[in-house]
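Quick one: the structure is below, questions incoming.
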Amino acid sequence: MILGRVIGNIVSVVKDEKYNGIKLLVVQEMDIGGNYEKKYHISADLIGVGIDEIVMVVNGTPARSSEETKDKGLDSIIVAKIEVLIFKDRVVELH
Amino acid sequence: MILGRVIGNIVSVVKDEKYNGIKLLVVQEMDIGGNYEKKYHISADLIGVGIDEIVMVVNGTPARSSEETKDKGLDSIIVAKIEVLIFKDRVVELH
Amino acid sequence: MILGRVIGNIVSVVKDEKYNGIKLLVVQEMDIGGNYEKKYHISADLIGVGIDEIVMVVNGTPARSSEETKDKGLDSIIVAKIEVLIFKDRVVELH
Amino acid sequence: MILGRVIGNIVSVVKDEKYNGIKLLVVQEMDIGGNYEKKYHISADLIGVGIDEIVMVVNGTPARSSEETKDKGLDSIIVAKIEVLIFKDRVVELH
Amino acid sequence: MILGRVIGNIVSVVKDEKYNGIKLLVVQEMDIGGNYEKKYHISADLIGVGIDEIVMVVNGTPARSSEETKDKGLDSIIVAKIEVLIFKDRVVELH
């Protein structure tokens, strides 16, 4: 899984109907130093997060393995909000 | 999922017959600043989009999870037309 | 899917017997400007193509979704020969 | 599979309940020269490893193929602790 | 699939028991010019190869599609030893 910050959401009127009712957020990848990468994911939010929160994202086929996402054609989902990273020599609170 | 702009389509006479009737478009990836990446995808269009439209693309195995794409050998599909990106401090209309 | 040119083929005597009878070609990736990338794929040919032809390649698990490739352990297959790319402002014949 | 060093762990209060009871570690990728890459994975620990240990990580869908991980939505798991790398001309003990 | 050279093997005492009896080799990726890439894979050997041999590697979920690898959590397997690459204008013997 990777870490990223929720930076936005998208509006889509014309879409495959399977996507109705799914909240799609823009998540910008974060490296382990807390810096932001150029890479982003449009990810389905399964847990209820908001702008600026740090989240853990599952990508690829494993993103389909819950009841909510099965047969939905999703390749990226948000599965956890991350509060703290604990390294050997420091603790990083994410907010 | 990723965002991209539809920039073209492809013509193929000799192909695996499973691909008959599937519209294949060239989608150029877009970063979150709205700049275009070098990377592109040949993606199957499930919703009916046209040249220059901004779309959301599902890649990899999840691209097979709808009735239309099951057992089709597709690794990239267009599932939504994106009209607006909403960031914390600005709204970007895509057209 | 991605586009590439068939540039060679491989000879293998010692191999997993599932690969007997499968023609494996070297496909060099092409960007949308028609330039060649460093990246290549060893891809199974399902349609009968030859050296120098431009092809469309399916990568990853979707490469397993046809009768010929099921349970074969293939992560890359050639599914179409591409003759023409149609962009907004130009038509590119590939040969 | 890839090799990496366990450099930290993450704390998450708000998460999809499927992740309860799964220990998630931060693993930094290592190249074959033993240098660290920028890339990292948040990986589920199946075998019980600790900070600073060198581990082998399975990524993508194959990460779901054990009883513990099936239907869990995990795209990265730690499956082995690596003690020694044996090259043609040298042996590298990892610790 | 990709090509690479077998450059080493790994020793692991603490591991998920599914990996018992599987020979894991370090394979360094090779580009089509025969140069070595920084990228490597820890791959399960299904055919019996040795140090310095050039092999073809299947990555991702398709690596699980044989009897030996099903449900094993492997994302990379060695499926063929490659002896010769045939290009339009030259033949490269690999050894």
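All chains are identified by letter, namely A, B, C, D and E, in their written order; residue positions are counted from 1 within each chain.
As a convention for this text, a residue touches a chain if its C-beta (ideal position, glycine included) is under 8 Å from a C-beta of that chain, and two chains touch if they have at least 3 such contacts.
As the structure is a computational prediction, the values presented were derived from the model and not from experiment.
> For subunit A and subunit C, which third chains touch each of them?
Chains in contact with subunit A as well as subunit C: B.
> Going only through chains that touch each other, what is the minimum step count from subunit C to subunit E?
1
> Counting residue numbers used by both copies over all numbers at the interface, does the subunit D-subunit E contact come out same (over half shared) or different (under half)?
Counting which numbers both chains contribute, under half are shared, so the two copies meet through different residues.
> How many Å are there between the centre of subunit B and the centre of subunit D, using C-alpha atoms for each centre?
For subunit B versus subunit D, the centre distance works out to 32 Å.
> Averaging only over C-alpha atoms, locate the centres of subunit B and subunit C and give their separation in whole Å.
From the centre of subunit B to the centre of subunit C is 20 Å.
> Which positions in subunit A touch two or more other chains at once?
As it turns out, subunit A has residues touching two or more other chains at 60-61, 63.
> Output the ring sequence of chains, start subunit D, direction subunit E.
Order around the closed ring, subunit D first, subunit E second: D, E, C, B, A.
> Which stretch or stretches of subunit E touch subunit C in the complex?
1-3, 31-32, 46-49, 56, 58-63, 65-66, 69, 77, 79-88
> Could you pull out which subunit E residues touch subunit D in their complex?
Answer in residue numbers: 7-16, 18-19, 24, 26, 28, 38, 40-43, 51-52, 60-61, 63-64, 70-76.
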